[in-house]
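Note that chain A is present in both complexes that follow, paired respectively with chain B and with chain C.
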Partner chain A sequence: MPTPRHHVIIGSGSAGFGAATTLRARDPDCRISLVTLSSLPFYNRYDLPDIFRGRHDWRDLLPIMPAMYDELGITLRRNSRVVDVNGTAQSVEFAHRETLHYDSLLVCAGGRGYLPEILSDYRPLMHNFASFEAAMEVHTALPKGGTVIMLGGDMLGLDLAFTLLDTGYKVALVTTPQTFWPHRVDDQLRGKLVAALEAKGARVHGDSAPVAVEEGLPGAPARRVILQDGTEISGDVVMPFCGLVPAVEFMLSAGVDIERGLLVRPDLRTTGENIWAAGDVCQIWSDSDKEYRFYHGWRNVREMGELAARNMTGSDEEFVAEDDGRIWLDKGSNICSTFWEH
Partner chain B sequence: MTKHDQARSESQAGSVRHGARQPGAVYYSDDPRDIGWVRENVPCQTACPAGTNIPAYIWAIMDEAPGDSYEINREANVLPGILGRVCSRPCEDECRHGWAGNGDAVNICHLKRAAADLKHSGHRITESLYTPSGKGVAVIGAGPAGVAAAHDLSMLGHDVTIFEREDEPGGMLRYGIPEFRLPRDILTVELHNALRLGVELKTGVGIGNGEGEVSLTDLRRDFDAVLIATGCMAATKLPLKDDPDRQAVENTGNVEYGFDFLFDLHRGAVKTVGKRVAVVGAGFTALDCARVAKRLGAEDITIHIRTTEEYITVTRDEIFDAKRENVNFRGLRTPAALQTDAHGNLESIEFVQNRLGGWREDGRRKAIPIEGSQFVEPCDTVLVAIGQQAVHDFLDTEIELDWGNPVLRDGGMTSLEGVFAAGDYVYGASTIIEAVGHGREIAQGIDTWLMGRQRRKEVVRITEVDGPVRERSFDFIPRQHIPAEPVGKRCQSLTCEVETGFDSDGALEEAKRCYLCNLNYHIEVDNCIFCRACIEVAPKNCIKLVEGVDINEDGTYGELQESGEWNNVGAIWIDNNECIRCGACYYVCPTKCISITRHDLVTRDV
Partner chain C sequence: MKKNANDTDIQIAICGSAGDGTIAAGDILKRAMSLQGYKVIAFDLYPAEIRGFGKCISRIRISSGQTYSLKPQSDALVSLNDPHAIPHVVEVRDYGAVIYEDTPMARIPEGGHISAHVRPAQIPYGLGIRHISEQATGSARSRNIVVLGYMAGLLGMTRDVFHQTIGEKFKTKAPAVAEQNLKAFDAGYDLATRVFRLDTIEIKPPRHTKSGADAVMMTGNGAVVRGFLDAGIDNYFGYPITPATSIMERLTVEMPKTGGRVLQTEDEISAIAATIGAGYTGARTATATSGPGLALMAEMVGLGVMAEVPSVIVVSQRGGPSTGLPTKTEQSDLNMAVFGGAGDAQRIVLAPTNVEGCYKCAGKAFEIAEKFQTPVIVLLDLYLSNRYETVIPPKRNPFLRKPEKKIAVRNGNGAYKRFAATADHVSPRSVPGEPGLMHTVTGLEHNEMGRPSDLPEVHLAMSHKRHKKLKGALNLRGLTLCKRFGDEGEVDVGILGWGSTFGEILEAMYAAQSEGIRCSAMKVVMLSPLPIEQIAAFHDDCGEVLVPELNYEGQFAGLVSGELGRPVTRLSQVTGAPMRVEEILNEVRRLSGKQSPARKTKQQDTGDERALEAGLS
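Then we have the complex of A and B:
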């Protein structure tokens, strides 16, 4: 009796989870290990702003209950940090010193929030929004009606900003080149989008770059952001939203090509044997653009995960972007983006 | 001999067989197993081109003896205060603490700097001086290779004269590296310390055939040996389409080679750049050019690289610091043309998009241009820093070359009798630590040739240690980042040193993280009762049941032959490659059969 193939998926976001369920549907006998740094099973990160609408129970965010992983025959390995991938030995090494062998590996590790290097010293004074736990920390730290100082304002951040404004909080947005990431907007559109944000109640600071974050003065809100021109902005919580940096550190010795993300062919194969990549972690070769491109947005990421799984089980399909990356204002001057569609 | 006997026998080989042990007792060994043990188990030292005894100097910092730490450094790399600031840190790439699952590498380089910074004022330098030999050696070039060689040759009793074309010594250290990375007072003091043993330094003296220059023939006549250590003093020309003679850079305004840009700046010339600066290249010179441009007022600075950030040879810290200063990095692009307006003024660079290819013979990644993928980046200034090359036209006597590099015999002699070569002049542009290491190696070769015999050799000094030095809690200390000036302050001046260095507390905390890989934990099988207590407490898979151990052809230890069958077990063996020297096994052992020895690779008289 042949040994079933062992598919290891690193990352249990929408790409990884979609890949796991697709693999199971196409290969009932295979072994699937879904590895995640998270303490929780897959939940949709796009739903995290709902915490400010009262969704505080993490179970409400899960698309499937944990028991379903057993029923699907997917081994979910939570709290597991991958520190190395050996492409020759076809093995994954964990921080807890375990080695896991694979027949095929799919990397869906996503990205972590980019923090401009100039602000890196101030990381301990900021909050992120990368997980349910982190989101709850923000919720706890933010007093009712309090102010979030948002640095950058990528599309993940702006989604949160609208929820905050909708629920009685204040948002001070310090724009940077990463505002509206991953969209590339020209000056004219940028001006209209910023005006739309202000119309929704956000206080926008667009004239000077943030250079420091400090503790608040006694009796004042907990944080201050200092801009290059000396302006100080007070708030209760500081949150950088400056786009994502692919999480590839653990792949450096795997023998695959990396630029900013893992470089993959249109069928999502990396240059390493039996290694695929999907989601925010990969750059896909675009023959028309003659370059490796990132494709962000929930629909693209989910499609990549499922496509990779199909190709890992015998298909030969190329990725076609589901999301064409548009941002616009509707008739009511509301900001709309394909990034948010799911 | 059975495997069982072999394992028992080998477990007592090497250092342990020298006699009864007493804490503090010292033995010297030239046994290849002991030398091989250090090479394999102290990866940082093995990776250092100068062979710096890194665990030893970090241990001295732990002992709050920065002066001792400084001297341990000087013995190997001559210029600790300089290297502690600008070394390329090959040691940190190999540090066991940085291996998968162990966390981040120890901040070895900045601890070297801490030794230099924190030693007491009036610190006493130690040198092991040999009696005068009566031999004279001319060194051409006062860069890192020349200075390191001159120091060692002088220490060995030879009369050394350095001939330096520039007005000040230091070579690339002084003229290639910006002051905000390497303050000139540090440079001056350390060069002086290296040369104060009696080296005569003649600056402003060129070697060549021109007026006022000294020829190689003159030097060969006047000295017993000549060392050429002139480095790589010509920028590599930028290849562009429709430019077969590679003259486009020289012929286009506001375009310059980074090497010349930095040299002119540090000779005292006033340099200016435009608002938008494009730097082409991926080495330390490219990053230095970008950061200098920032301080000269450029607002939009981009470093364009053929491959990607992952594959360039500069340290991660350098990339991070450049990014902090708002320098952009753009990968996978090769310049194809410089575009100018009707008046010949630079307007933009045309690039071709690349994809990554295989690996080059030198270990770097290939970049393959993609046909039809041209694009244009507007800019006001271009600085090209794609490498440097050695020049030979100053020699009045030809030496044998191979692909532009001098062919060396054993000991570093060129095809000319008595003429040696060292550093970047031999191998092409490399790093400071490689130049220092090679300079010292060739100095040893010159000494052997002059004296007719090898006078020094490497041995292992083995010292019995009275118990573990580290604590398990040290393993959880995060890597300490070196304090630095805020970006706003540092970028206001070309001379404001960016990194401010560890204070004594920071240095001590970082020093504690070092595993001290030169400690050899060893189980005496005769006293072991195989209780497995050590295996139970070990935080890693470092204590193994073995049938035997392979012996390599050179006499060093090879692979362990592990066994799961008690009947086949010949010994319990501490795998020093896995061991993090936490001491847990030592403390739990009921029979005290675990001993610790310290192994230092040292040079002794033959």
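Then we have the complex of A and C:
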């Protein structure tokens, strides 16, 4: 009896989870290991702003009950940091000094929040929104009606900003070149979008870049953001939302091509044998643009995971973006984006 | 057992290899929680090998209210050794915690790290236990205390009580030892306070914090020792054997303080012989052993019966036969305790069901032995001997020795009849050296004077006397011989139990009641003579009678059904581990014709629906 193939998926976000379920549907006998840094089973991080609407139990965010992993025969390895991938030996090395061998590897490690160099020293004074735990920490740190100073304001951040404004909090948005990331907007549209944000209640600071984050003064809110022009903005929590950087450090010795992300063909194969990539971690070759491109947004990421899984199990399909990356204002001057559709 | 929202009822399992300090960490945890007024039940499992790499696991149940056994599932598992702990991951409940080393020193084989085994519904907490220990204390030896501190911090336990307990535990060592351990504890604790908790383990304040000051943590064996001391034990003779050895070890420390003597004999035969010899002189004397030791003592127990000499024999059962499973529990020496030996040698056998019962039975055993002039066996098992429970000791000693009545009667011609026939079949007892009360004592059948006789009428009369006198033990005061719990009147299922298994029986009974099954349980402490009238009345009320016990044959079930002449349902198990509540409950459900209630939560429904939508089912 042949040994079942072992598919290892690094990353249990939308792409990784979608890939795992697709693999199981197409290969009932295969072994699937879903590896993640997270302490939790898959939840949709696009739902995290709902924490401010009272969804404080992480179990409410799960799309499937944890027991389903067992039923699907998916081994979920949480709290597991991959430190190296050996493409020759076809193995994954964990920080906890275990080696996991694979027959095929799918990298869906996503991205981590980008922070401009000038602000990197101030990371301890800022909150991120990358996980349920981080989101709950923001919720805890933010007093009722308190102010979030948002640096950048990518589409993930703006989603949170609208929820905060809807639920009685204040948002001070310091715009940067990464505002509205991953959308590229011209000055005219940018002006309209900013105006729409202000109309929703956000206080927008667009004239000067943030250069420092400091503790608040005694008796004042907990944080201050200092802009290049000397302006000081007070708030309770500072959160950078400046887009994502692909998490690829552990792939450096895997023998695959990397630019900013893992470079993949339209069928999501990397240049390494039996290694695939999907989601925010990869740049896909675009014949039309003649360049490797990122495709962000939940629908794209999910489709990439499923497509990679299909190709890992015998298909030969090419990725076609479902999300065309549009941002616009509707008739009510509400900001709309394909990025948020899921 | 009513519970409310403010109740704490959690169970922590700490698992490691021999030498990891697993049992020590568990000991600090249970003492700290007991000190705060929580009820604690704890049980440690350790390997038979004295040194090596065997598995140690300490399970500690911490509750606000009264509980009776360990829970089948723990709320948290702490791993100090992944290969040993991995099989126990499945024992952690959904949304409970698994705490482990996430930066091990050595490379580990594929699948050898516990993170690969944590179930999706459990919460993994990985930390660099060794690294933290080295940073805090300069050594990795305090890994157990680091992880204890982490667990305590994570669950919001009070730091000061742990400090106090650690200080107390290491007070006999150099001050630096306690200091190092406190540093290790704090390092783990501080780290945990920065961790966002995802589990659903809740610890509420104890109901009665005042009782914490009075409460003590005690094992079954510890309670036996306390009972012996309160009863004024004069001599103890013993030979070491697991799991009874700790009785002798403790008595060796305690008895000399009050003028008592402990002698380790060359074997169990000598131990029981010396016990009977000292008992003959009027001294309160005991021995303790396990099944193999009792087998060696059988002949001498017969002498005690025949010569009508009081003695107390504690038997802590372990897996058998032969050397068997020295560090695993079993209840398979019941037949030997009740019947073992030559001839019709009925004796009194008491089987406590919890730690407090161990105290009461051990203390009362001397009085019973003296009153009925016979050996009394107190039958424990490893699970009860080694199990810790929170006990509040009585304010007044219930076992104070009463002054002995002087024998005034000189029968007939003035000769003293040591074995005289009396109304209650108990003869006037004297001890050697009492003027005018000289008599003969022998293992041969004898007449009222004690002189050997093989006349049929003598043997018949004396056999009758030796058996009949024990019936009086069924009217004993000051000790519960059997007791019914749960629903009154007619019930669907009655559970009849003895010994350590009764805690699990009670938990199962309450669970069955909560499912709408009419259920009662009866514990039987007096196994010989058997309180058959009460058991028969219980049987009358029960549609079905279930007898769960940890032996292969269903020895108690056989004893009861033999005496009653009625059938019972046996639930016998020999896994070396305590019986699981769920197994008893399942059998109760089956006998009652009711299946386990389907417990679909709203969330489960939602999850399943989502799965269907996602095309995953």
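One rule holds for everything that comes next: the second predicted complex is superposed on the first by the 342 of 342 C-alpha atoms of A that agree within 3 Å, B and C clash if a C-alpha of one lies under 4 Å from a C-alpha of the other, contacts with A are read in each partner's own complex, and residues count from 1 in each chain.
Just so we're on the same page, a residue touches a chain if its C-beta (ideal position, glycine included) is under 8 Å from a C-beta of that chain, and two chains touch if they have at least 3 such contacts.
The shown structure was predicted, so the numbers you read here are calculated from the model rather than taken from an experiment.
Trainee: Kindly classify A:S80 by the partners it touches after superposition: chain B alone (first), chain C alone (second), both, or neither?
Mentor: Second partner only.
Trainee: After lining up the shared chain so the two structures overlap, which partner does A:E306 touch, if you call chain B first and chain C second: first, second, both or neither?
Mentor: So A:E306 meets neither chain B nor chain C here.
Trainee: Let me test your reading of the model: by the given contact rule, A:R260 touches which partner, first (chain B), second (chain C), both or neither?
Mentor: The first partner, chain B, only.
Trainee: Of the two partner chains, chain B (first) and chain C (second), which one does A:D280 touch, if any: first, second, both, or neither?
Mentor: In the superposition, A:D280 touches no partner, neither chain B nor chain C.
Trainee: Considering only touches as defined above, state whether A:D236 meets chain B (first), chain C (second), both or neither.
Mentor: neither
Trainee: Identify which of chain B and chain C touches the larger number of residues of chain A.
Mentor: Partner touching more chain A residues in the overlay: C.
Trainee: Is A:A95 touching the first partner chain B, the second partner chain C, both, or neither of them?
Mentor: both
Trainee: Quick one: classify A:D159 as touching chain B (first), chain C (second), both or neither.
Mentor: neither
Trainee: Could you tell me which stretches of chain A are touched by chain B in one complex and by chain C in the other?
Mentor: Residues 94-97, which sit in both footprints.
Trainee: Can you name the residues of chain A that touch chain C in the complex?
Mentor: 21, 25, 39-41, 58-60, 62-70, 72, 75-80, 94-101, 132-133, 136-137
Trainee: In the complex formed with chain A, which residues of chain B make contact?
Mentor: 100-101, 308-310, 320, 323-326, 331-332, 353, 355-356, 370, 372-373, 486-488, 540-541
Trainee: Using the touch definition up top, name the residues of chain A that touch chain B in the complex.
Mentor: Residues 83-84, 93-97, 117-118, 120, 211-212, 228, 252, 257-260, 263, 271, 285, 290-292.
Trainee: Quick check: in the complex, which residue numbers of chain C touch chain A?
Mentor: My answer: residues 94-95, 101-104, 106-113, 115-116, 118-121, 123-126, 196, 198, 603-604, 607-608, 610-611, 614-616.
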